[in-house]
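As structure tokens, the structure follows; a few thoughts come after it.
We call the chains A, B and C, going by the order they appear; numbering starts again at 1 in every chain.
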Amino acid sequence: METTLDWKETLITRMIRIAGYSAIIFVALIFIYLMREGLPALGEVPLSNLLSSRWYPIENYFGMLPLIGGTLLVTIGASLIAVPVGILTAVYIAEIAPQWAREILKPFVEILAGIPSVVLGFFGILILAPDLRRVLDLPTGLTAFAGALLLAVTSLPTIVSISEDALYAVPKSFRDAAVALGVTRWQTIWYVTVPAARTGILTACMLGIGRTVGETMAVLMVTGNAAILPKGLGDLFAPVRTMTATIAAEMGEVATGSVHYHVLFLIGIVLFVITLVVNLAAASVIFRQRKRAERILS
Amino acid sequence: MDKILIEHLFLNYSDGTESLRDINLGIPAYAITVLFGPAGGGKSTLLRTINRLNDLADVTAVSGRVMLADQAGAVVDVLDHHLDVIALRRRVGMVFARPIVLPLSIRGNLTYSLEVAGERDKTRLEAAVERSLTQAALWDEVKDRLDDPAVALSGGQQQRLCLARSLVLEPEVILLDEPTSGLDPISTTKVEATLQELKKRYTIVLVPHSVQQAARTADYAAFFLQGELVEFSPGKTIFTAPRDKRTEDYVEGRFG
Amino acid sequence: MSPKVKRNFKTKPIITRNLVQLLGFGALSGITLLTMFLIFLLVGVIIVRGASAITFDFIFGYPSNGMKAGGIWPAIVGTIYLILGSAIFSVPLGIGASIYLSEYAPDNRLTQIIRIAIITLAGIPSVVYGLFGLGLFVLYMNMGTSILAGSLTLAIMNLPVIISTTEEAMRSVPQAFRVVSISLGATHWQTIRRIILPQALPGMITGVILGLERAAGETAPILFTAAAFYLPRLPHSPFDQTMALPYHLYVISTQVPGMPQEIQYGTAFVLLVLVLGMNLAATVIRSRARARRQW
């Protein structure tokens, strides 16, 4: 009765297995092609050039430092906003908000996660930057600060959702023990619950920062695109250019196979490595925590 | 005649813990054989070996033979690697401790095993539904709502549905692992009565949830202690005059 | 299990502690509500200003006068093509991979590597996907800037979302069903097809919608692989370039002087409604399915 099913089932099982392995294949492909087009830059451009502080490809200046600096500045600026706001919001939603409020806020945050980067950039150009220019009396509103604000919006949903999950996961017995000691809910949150959830919250922040580093369109449209090495946090209110924006802006204009083309791919490799490190660190934190939890519970 | 003959069965779990040690047991046909004893004795493991459900668990070293006889007297070794396990599971049905109904309708639960076996004839499917529900003494209660989701039934009804489900393919053996452990006394009595009817046509192996249930239902009984078969005797004698001291201690309630 | 309590709390009098709590709760709720409100405002401004531009001709008409007037129909169609194109590749692959991870994968080193690969794919910046798509599909495989190249790039980008959501949906189906199904003589695949997949279907749909939502809204992956700004007619084959909503919005808000704000807001409106609509649909499906579970 089942012989006909047998070969169909074997075929389907084989295809499923191949699909399972596909993720590895794709990562390998991405890695290979980035390397293929990016590594030649290391041969074509001397390292001293790549690490200089002038990015002016037309005259063969390929100093990546201003771009890295721009990414760093915008990321730090965005994280300084998104991390505290995100954690506090997560604490509010998970621990303090009444059930009816939670029912509205949770889906709201999840829907927020879907706002496309280009729409944020659009908002930034048309509304945010001119307002910033007016309010802060700057020569232009297209600055790192504008980028940081928009990027904070991008990473906020990630930080809030994952921190929320971490706070929910703290066992009720912890909170009950604190209440039994005569401690207020506020104190319970800050001395018991949040410290217990700290690995999850840390993971949330790392993943949020990872997203910020990789953001392209919003920063492209709003940070002013001046490839000048920022000298400090004061330059937050000046135009900068990030690595991602550089690739997006210049890739359309380079000749395939030119030095500029290879250097852009090299920047891509740098981005790949940075986000890889951040995401793997976050993942290893989760794995280690899960193992610890299994050991405790078994 | 023995329906199932177990010879020198050893079984270990993948973490090294021993589960069954040198089990030699003959299970008679058309009777209720009860496997009883304190927790951890290996009773459930033995049940799951018979229908090779242990393949899903972390079982490593299995040795010995479990011979299953059919009507004509031909035997197969259940533990044979080349055995068609799917066909085996159609000959040996199982009822679990909790009533696990599939997320389908009542009818869907019952026709499931026939459908995966390739049966498409609607008349045969309907006949099987009615037959198995009647045998499980559930037909009158559900005949008007066969399309309702199975989870809508009460606990006792769900378990009888699971019993009916195991009868659909008309197996030769029915294995029951503490089938009444979550049920109220009335449902328990119904199930036990059904088993007495069923044993006329099927070989039944039952792990009871109490010594009392064992005493009520057993034609034959096997006492398991920490993976070893201590004693196998007819039900009439093992509870009143056990041969082994350990059996006597357990039956008397001195440990458990 | 006792929590690590750091200090002796009882030294502060009750009134102070309760006051602190009141202020603290108030501050947190204020921050949360303010943040949510600001973001709501952001979305709201675009919706309000954009809605006025939405007419039948805007949605279904073609651009004219160098994009400064007329409709955005080609961009909408292009985005739909890219969504469908990426779905063709990413949905079977993603569901297959999640079936593998949930039902077949052994607990060994190779499976761990697969999971690491998925996490890696999830974290790669969208512009790096664009570079990859350029290098492999457009150039090496000679597809040129085309819907095909863009769809393939987007498909790989969508994969992690589809896989993780679908896998979670399948894992949440109780193990007991699998045991029962096997004991009734079903094969592994029959169990998956008849029990697991139907029960996991809402979760799978949610995952697919969330994955495709990225295909709808992301610009960077299609910048070098599929998108063009002004095309005289709708694409005819997968090897054609296409207009697309996110790219269109980018160009008209940064590179076209004298672009009427109305059209910009209108385009942003359409894109936002599309993406948020998909997100909303996914959320609704997820919560309705949770309510209707049969276990």
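Basically, a residue touches a chain if its C-beta (ideal position, glycine included) is under 8 Å from a C-beta of that chain, and two chains touch if they have at least 3 such contacts.
On a predicted model such as this, the values are computed, not experimentally measured, just so you know.
Q: When you check each chain against chain A and chain B, which touch both of them?
A: C
Q: Which chain is in the middle, if each chain's centre is the mean of its C-alpha atoms?
A: C
Q: Centre to centre, using CA atoms, which chain is the farthest one from chain A?
A: B
Q: Which chains are joined by the largest number of contacting C-beta pairs?
A: A-C
Q: Please tell me the distance, in whole Å, between the geometric centres of chain A and chain B computed from their C-alpha atoms.
A: Distance between chain centres, rounded to whole Å: 55 Å.
Q: Go ahead and note the Å separation of the Cα centroids belonging to chain B and chain C.
A: The answer is 48 Å.
Q: Distance from the CA centroid of chain A to that of chain C, rounded to the nearest Å?
A: Chain centres of chain A and chain C, defined by C-alpha means, are spaced 15 Å apart.
Q: On chain B, where are the residues touching two or more other chains?
A: 86, 117
Q: Where in chain C do residues touch two or more other chains at once?
A: 187, 190
Q: Where in chain A do residues touch two or more other chains at once?
A: 2, 5
Q: Mind listing the chain A positions that touch chain C in their complex?
A: 2, 5, 9, 12-13, 15-24, 26-27, 29-30, 33-34, 36-37, 85, 88-89, 91-93, 96-97, 105, 107-108, 110-123, 125-127, 153, 156, 171, 173-174, 177-178, 181-187, 191-192, 195-196, 207, 210, 213-217, 220-221, 244, 247-248, 251-252, 256, 264-265, 268, 271-272, 275-276, 278-280, 283, 296
Q: Applying the document's contact rule, which stretches of chain B touch chain C when the two form their complex?
A: 51, 53, 56, 86-87, 89-90, 93-94, 96, 98, 100, 102-103, 112-113, 115-117, 149, 151, 165-166, 169
Q: In the complex of these two chains, what residues of chain C are touching chain A?
A: Result: residues 1-7, 9-10, 17-18, 20-21, 24-25, 28-29, 31-32, 35-36, 39, 42-43, 45-46, 92-97, 99-101, 104-105, 113-114, 116-132, 134-136, 139-140, 156, 159-160, 163, 187-190, 213, 216-220, 223-224, 246-247, 249-250, 253-254, 261, 264-265, 268, 271-272, 275-276, 278-280, 283 of chain C touch chain A.
Q: How about chain C: which of its residues touch chain B in the complex?
A: Residues 176-187, 190, 194-195, 198-199, 294-295 of chain C touch chain B in their complex.
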